[in-house]
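Down below are the structures I want you to see.
Below, chain A partners chain B and then partners chain C, in two separate complexes.
Moving on, here comes the complex of A and B:
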C-alpha cells in the first residue's frame, strides 16, 4: 500500500482515490481507415482503427461478423517479462472487446459483412481494457456505424481495503481484485462487466457504484467530443443548390 | 438559402418522446423512445424522423450510377467493389456485348469473361436490383454509357460522379485517374470541356447536363501514352482538387459547384497543389457564395 499511496489520501500521481485520469481523445487519426480514434488516459495511449463494413472473406453465414485484433506494441510496457504472456492476454482482451461491441452495434444492418477492429496499445499504464473500449466506441462513431449508445468504460481496483478508480500499471500490480464496467447511460444498461481477482460482495457493491460514477464522467466527455466533431463537420454543410438548375 | 436550426445528435440521444413517428435511417426504438444511433443532423419530414449521417457507406438504390472495381471473376458473374457493405454482383447476362447483339450467352461467352472485364478493372454501371434481406446489389451495363472505364473521350475532360462516392476523371490518351470521395446524392454525367480548336460541336451547357460521350477505342496500349501533355494532367489535378475541396468542407458535390471552384481557382491563379491549403480553400468557397447571391 505504501508503494501507491502518499499522505494517506493521495495517489502517486496526485489524484484522489475516486478521481479518474486526465483524458485526451481524438477521432479520425487514421486517414486510410473507415473510422479511427486515439485515446490518452494518463500515460495509457491507445489507437484504434476500424475497417468496414465490407464483404466477408468467408463465404458462409448470413450474420455480420466482428473481428477484433488487439495488440500491445512491443515497447508498450517497460516490464519485459509481460511480453511473454502478451499473446494470451491479447486474445482475451480482444474477446472482451468483441463482446462489448456486440451489445451496442446494430449488427442486423450488416448481413454478410464484416467489421475489422484493430486496437493497438502504444503505451500500457493500466486500465487498458477500459481505455480500449472507449477508444473503440469513438472509432465506431467516426466510421458511421449505427450503435445504440456511446459505451463508456471504467475500472476500479482493490488494494488491501481501499478502492481505486482508473488504476495505473503500478497500482494494478499491487491489486487483489479488479472490476471493469461498461455503461450505456441513455439506455441505463450495462454493456459489459468484468471482474478478476478477489473481491468480497460488499466491496463489489461499493466498487460498482464508484465505477458507474466514473463511467458517467467518461460518457459526458465522449459525448462532448462527439458533438464538437459533428458541429465542426457540418459547419460548411449546405443544402443542394436546386434553384441553379 | 436560410439555414434552419439544425439539431445535432450523438448516438444514444433521445429524439422524441412521442412514439407515433415513423423511424427512418439512424433511429431506433428503445424503451418506447426514439433514440439516435448515429451522429449527425436530425431530419423531420411530416411523421418521418431520420438522422442524416456525416460518413457512411454507400446505400444502394435502384437506378444509381456507380463506379466500381472488379474484385473477382466467378462463374457467369463478376464481383464488383462499390464502397458499400458488400460487393455488388454484375452477372454475365447483364452486360452489353461488344457486337451489340441481344443474344443468349453461350459457354464461349463464359470462357471469355476475362476478355470483357477482369480483376482490377474499373467499370461504370447502374444498379438494377437490390435484395434488401442480404444487401445484395445487382448491377447492369446494358447501355453504351456504361462499361469499362477506359479511354472514351477525345479532347475534353470526362467526369463521372458515382453515387457511391467514387469519381472518375479522365481525359484522352492519358492514364485515367480515379478518386474516392464521399458524395451526397447526385447522379450526374457531365462532360465539361476545356476549349480547344477541335471541339466545335460540343456545347457548354451545364444546366442541361446532357450526356456527351464519343467513343473511340484505342486498342494499342502504347498509343495511349503517346500525346500525354502536361496541360491535361494539370486539368485533371485541378478538377480532382476542386472535388476534394468540396468534400473536405462537407458540401454537396455537383457539376456546377465543381466548375465554379475550378474557374475561381483559375482566376485566383492558384496552382493545383496550392488549392488544398486551408486559406486557399476558404477563398474558393467564399467565391462560390458570392456568385450564388
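Moving on, here comes the complex of A and C:
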C-alpha cells in the first residue's frame, strides 16, 4: 500500500488524507443547451448539458420526467475492463444521477414536461459519480431550474485502515469500500448516498463525517462561483461603485 | 397497484404516525417470514421465501467456466433478479429488476461476502461460476430484504461438487473429474450480508414496508449488513432527502435489525435443514398461499 498510493505520509499527488483536489468549474460551456457546465477535479474532467424542459413525448402521466444519459468517452479510461464501478455501469450511474436530481429539483413545477440531462466523462481519474453530480448541479443552476439547494457531493474510499477523500483512479483500484454522499448543506439533508464494497460500521460513521466535511468544502466553492456569476451578470448594468457588491 | 388516492395515503401515514400500521404492526415490527430450501432438484441450491404476500424463489446453478482476466485466482458469481409481471407496472418493473440486480451483483462480486478464491479450480484456467437466479413471484413490498434473505438461504443450501484436475491425453490439456454428489462441499456463508430497508414517512422511521406503504414513503435507505455489522452497500431511493444528523442513527438501527434478521434466518435454516431430510419434497409452490 505504501508504494502504490502513499509517498511517505502524503498521497502521490501531495495531498493529505482529508484534502480534496483542485476544482475548476465553468458554466455555460454549451451554447445550444439550456444549461451546461464543465468541471475538472484533478484529472477527472466532465461536461454536462441540460436540454428542456419541453413537452413530454409520451402522453401518459402528468408528472415531470427526467432522462439522464451518462457516458464515458471511449478514451476516458486507461483500461475499460478494469473499472472500479464495474457492475455500476453507465446505466446504473445514470440512475443514481436521476435519483439525486429528483431529490434536488422541484419536479412538481414541471408537469407534463421532460428534462434531458447529458453527462459525458472526458477523462476518468476517480470520483466520477461525485464529480458528475457537482457538474449536473452547476448545469441545473445555469439552466435556471428551481432547486432546493446547491447539492454538493464528495467521495471517501477505504484502503486497508485509512480513509481517503476525493480518491483518484489509482486509489480506487486499491480500495475495499467506497462511500459517496450528496449533501444539501443549507437544509442539512442528504440528497443521495451510495456505498459499495465492504466497510465496518465504525468506519462508515467516520467516513460519513469526513464525507460531509468534504461536501461543505465543495459547497463553499460552488457558492463562490455562483456569487461571481451573479456579480458578472449584474456587472453589465452596473451603475454603483464596486464596493457595494 | 401504482397509485393510491389521497385519502388512502393519509390513512396509512396517520397510522404510521400513531405507531399502528394497517396490519397491526408497530413501526419497527418485521413480518414473519418462512423459508424452504432445496425445492428445485435440478439446481445445486434453491430456496423459497414467503414474507407475508411477498414470494421469492431462488435457484443457484454451478458451472465450470473460465475466470476473468482481471482476477485469475477467483471464481465468479452472476446474479439476475426478475420480477414477474404481477408485481408492478412495466416501466417500474424494469427499473426494479435492474436496481436489485445491480445491488446484489455488487455485493457478491466484491469477494468479501463469499470468498471467491474458494471457487477457483485451476489458476487462470478453470473456476466455478455460480449463477444465482432470483424470481419474484408476488410482491407485498420490501423486495430488497426479501431477495437478500432468499439468496442467503439458497447459498446455505448450495453444494458445490468436488472435482479433481487430471492431465489430459495430449500434453498441455487438462481434464476435470467430477466426484459424485455425496462428496460435494458447502459454501461458507458467514459473511453473507442481508439488506435492511429503512424508510422514512413524514419524519418517522419504518421497517418492512408493504406495497401500499411504499407508495407513501418520502425516502428509503437500503443497507446491506452482515452478521458482524460490516456494511456491504448503501443505496438511497425516494424523492426526499434524509437529515444528515439522522443518517448515523439509521445505520445503527439497520445494524441492530440486521443482527436480529440474521439470527432468525439462521435458526430457520438450521430447523429447515433437519426437517428437510425427513419430509419429502413439495413442489406445488405456485398455488400455495
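The rule is simple: the second predicted complex is superposed on the first by the 222 of 245 C-alpha atoms of A that agree within 3 Å, B and C clash if a C-alpha of one lies under 4 Å from a C-alpha of the other, contacts with A are read in each partner's own complex, and residues count from 1 in each chain.
In this section, a contact is a pair of C-beta atoms (placed from the backbone, for glycine too) under 8 Å apart; a residue touches a chain by one contact, two chains touch by 3 or more.
All of these numbers come straight from a predicted model, not from anything done at the bench.
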Quiz item: For the overlay on chain A, clash or fit between chain B and chain C?
Solution: fit
Quiz item: Now for A:226: first (chain B), second (chain C), both, or neither, which partner does it touch?
Solution: first
Quiz item: Between chain B (first) and chain C (second), which does A:92 come into contact with in this model arrangement: first, second, both, or neither?
Solution: second
Quiz item: What is the contact status of A:234 with respect to chain B (first) and chain C (second): first, second, both, or neither?
Solution: first
Practice problem: For A:201, decide between first (touching chain B), second (touching chain C), both and neither. | Solution: second
Exercise. Could you look at A:6 and tell me whether it touches chain B, chain C, both or neither (first, second, both, neither)?
Key: neither
Quiz item: Which partner does A:184 reach: the first (chain B), the second (chain C), both, or neither?
Solution: both
Quiz prompt | Where chain B and chain C come nearest after superposition, their Cα distance in Å | solution = 12
Self-check item: chain B/chain C common contact set on chain A
Solution: 148, 184, 187
Quiz item: What does chain A use to touch chain B in their complex?
Solution: 34-35, 52-55, 62, 106, 110-113, 141-150, 184-187, 223, 226-227, 229-231, 233-241, 244-245
Exercise. Report the residues of chain C in contact with chain A in the complex, numbered from low to high.
Key: 69-70, 95, 98-99, 102, 105-106, 109-110, 112-113, 219, 221, 225, 229-245, 247-248, 251-252, 255
Quiz item: Of all residues in chain A, which touch chain C in the complex?
Solution: 81-82, 86-88, 91-92, 95, 99, 102-103, 107, 148, 176-177, 179, 183-184, 187-201, 204-205, 208, 212
Exercise. Under the touch definition given earlier, write down the residues of chain B that touch chain A in their complex.
Key: 1, 6, 8, 10-14, 26, 28, 30-31, 35, 37-41, 53-57, 71, 79, 81, 85-87, 133-135, 184-185, 207, 209, 249-252, 254, 256-257, 285, 292
